[in-house]
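Look at the two complexes coming up: subunit A is in both, with subunit B in one and subunit C in the other.
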Partner chain A sequence: MGLALVLALIVAPEDLDQGVSQRIFYIHVPIALTAYFCFGLGAWKALRLLWRGDSRSDLESYVAIHQGTIFGALTLITGSIWAKASWGHWWLWSEDQLVLFLVLFLFYCAYFMLRFSLEEGPRRARSSAVFALFGVVLIPVSFLAIRLAEGLIHPTVFTREGPQMSGSMFATFCIAWAAVTLLAYVLYRVELVGKRLDSDLRELREAFE
Partner chain B sequence: MTQGQYVAAAYGVVFVFVLVYVAIIAAKLTRLQRETAELLELARGRAAAERRDVAPTTEVHGGA
Partner chain C sequence: MTYVADVVALTRKDLRVELRARDTLPAMLLFVLSTLVVFHFALPEGTGDDAAYGLLWVAIVFTALLGLARAWVPEHEHGVLDGLVLAPSDRSAIWLGKTLATLAFLVAAQVVALPAFVLFFAPLDLTALAGVLLADIGICSVGSLMAAMAAAGRSREVLLPLLVLPLAIPLIVGGVGAAISPEGARYLLLLALYDAVFSVLSWASFEYVVTE
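Up next is the complex of A and B:
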């Protein structure tokens, strides 16, 4: 993470078009991709729960979606800051890709409302899993919207011809992406272990009483 | 605000989010550690009580 920060803030060359504000790209895009990945992982675990009846997948799906929501919030905040620095606006409702990401984010926020409105048990696990699976449809739509949008204000860096940036910029982006993915993985594991431990302790306490 | 300040704000927000998240996890782990210690204390108390219940029987056997 430290290496990624040094490369993104100091070593990477300044963009001729956007200037210093382009450095937000090295944190904004990896966080957005990680958010998509976490939502996808949550949906995959939900599918495993429904398909194989693996009860451990419920907690894994919940933690992945929780991570996705945190990274999604960071995507919206860093994106807004970048938009203000580059376009002069915090938010543009006319930009489909921004609105679609917001819809995706709010959809998964609603996941928690559903989950905590039901009593703990198999019914809650199944309902949450179905909701998580519906949300995954929005991921490719949101991702492709950046390429299909007609309003072209949101930059498209990765095209069919490859990344539209210099080699050192691309290397910085890859290292930043690896660092954010590693951070997300560590946070996912720590939260999962904490939640499992919490559940085991509750069970142990009930057995003692 | 200058462009540099916007960049600092974007990275700062991420840093603060991660810091708050780690602080929440640390608080939770502290609570789990406390609960584990309480359960351990409870288990030791029960084990000691069971030993006390068994002890007089052993003495009677020893005396005979």
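Up next is the complex of A and C:
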């Protein structure tokens, strides 16, 4: 993570077009990708829960989506700063990736509302899992919808011809991405261990009463 | 064949309950008409028709939410849902029956609301009407599943709009696009895709939501 920061801030060449503000790219894009990855992981665990009836997956799915929401909030903040620096606006509705991310973010916030209003038990686990699955289906459909409706100015760095950046920029980007993914993974494990301890403790306490 | 018979029986049950109690449909009708009147005052003088189409979609979505919020109330008040889940039929038939009944209410409300919209604001062409119908199907199928989830929760009236609105965004994009865009057919395609994907998903996952 530290190495990635150093590389991102000092080593990588400046973008001719956007200057120093472009450096936030090394933080913003990995965080966004990690958030998508966490949502995907949450949905995958949810699918496992529904398919196999594996009750441990419930907590894993919840923790993954929780991490995804945190990284999603960070993405919106860093993206907004970058947008202000390079486009001159904090927020642009004409931007499909921004709108898609906001829709997803709202959707997963609703996930927590749903989860905390239901009573604990297998039914809550299954309802949350169904909702998490709806999320991954919503991503492509809303992407299509928003793309249909809007024009494009988001810098599309990854096109069909491969990444449009120089070697050292790409290396920095990869290291930053790896660092953020590692961070997300560590946070995921820590939260999971904490939540598991919590629920074990509760079970023990109930057993004693 | 028994599946179809189950669905028909469940839909008829909902329609009959509504005919006797008249809880939902008059409320939806009154709501959508009042919303249109409010919109007349909310839009400044001289705003174009496009803004009116946008507001029509706000009215449609909130009317649907009003109907959906009531959808599972009779089931929960009298413990009917437990009986239905125990009944020897496929559980997804319960979802399909509820979706069809809600769709019937929503279309009935629109039979009044859309002419009123044309009268007050702007004309609707055939593509726009097809968009309304396709979006109705989508919002009822997703909404009746979400309403079943929310009904089990503590704060169901608050929860339902939070669950449905993010999911309804592609429908609103498609519906507004079908009404105002010159190439409305693409938006209709989007709506049809949404309906197909989310109906299958809701149909397949309903069982997990209602069983204990």
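Please note the rule applied: the second predicted complex is superposed on the first by the 197 of 209 C-alpha atoms of A that agree within 3 Å, B and C clash if a C-alpha of one lies under 4 Å from a C-alpha of the other, contacts with A are read in each partner's own complex, and residues count from 1 in each chain.
Just so it is clear, a residue touches a chain if its C-beta (ideal position, glycine included) is under 8 Å from a C-beta of that chain, and two chains touch if they have at least 3 such contacts.
Computed from a prediction, not measured in an experiment: that's the story for all the values here.
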Exercise for review: Check the residue A:Ser117 against both partner chains and state whether it touches subunit B (first), subunit C (second), both, or neither.
Suggested key: second
Practice item. Look at A:Arg196 in the shared chain and tell me whether it touches subunit B only, subunit C only, both, or neither; answer first, second, both or neither. Key: neither
Review point. Of the partners subunit B and subunit C, which touch A:Arg126 in the superposed model: first, second, both, neither?
Key: second
**Study point:** First (subunit B), second (subunit C), both or neither touched by A:His28
**Key:** first
Point to revise | Contacts of A:Arg48 with subunit B and subunit C, given as first, second, both or neither | key: neither
Exercise for review: Kindly classify A:Leu187 by the partners it touches after superposition: subunit B alone (first), subunit C alone (second), both, or neither?
Suggested key: first
Exercise for review: Determine where on subunit A the residues touched by subunit B overlap those touched by subunit C, and list them.
Suggested key: none
Check your understanding: Where on subunit A does subunit B make contact in their complex?
Key -> 5, 9, 19-21, 23-24, 27-28, 31, 70, 73-74, 77-78, 81-82, 84-85, 183, 187, 190-191, 194, 197-198, 201, 204-205, 208
Exercise for review: Within their complex, state which residues of subunit B touch subunit A.
Suggested key: 1, 3-4, 6-7, 9-11, 13-14, 17-18, 21, 25, 28-29, 32, 35-36, 39, 42-43, 46
Practice item. Can you check the complex and tell me which residues of subunit A touch subunit C? Key: 50, 103-104, 106-107, 109-110, 113-114, 117-119, 121-123, 126-127, 129-131, 133-134, 137-138, 141-142, 144-146, 148-149
**Study point:** subunit C residues within the subunit A interface of the complex
**Key:** 142, 145, 149-150, 152-156, 158-159, 162-163, 165-167, 169-170, 173-174, 177, 186-187, 190, 193-194, 197-198, 201, 205, 208-209, 211-212
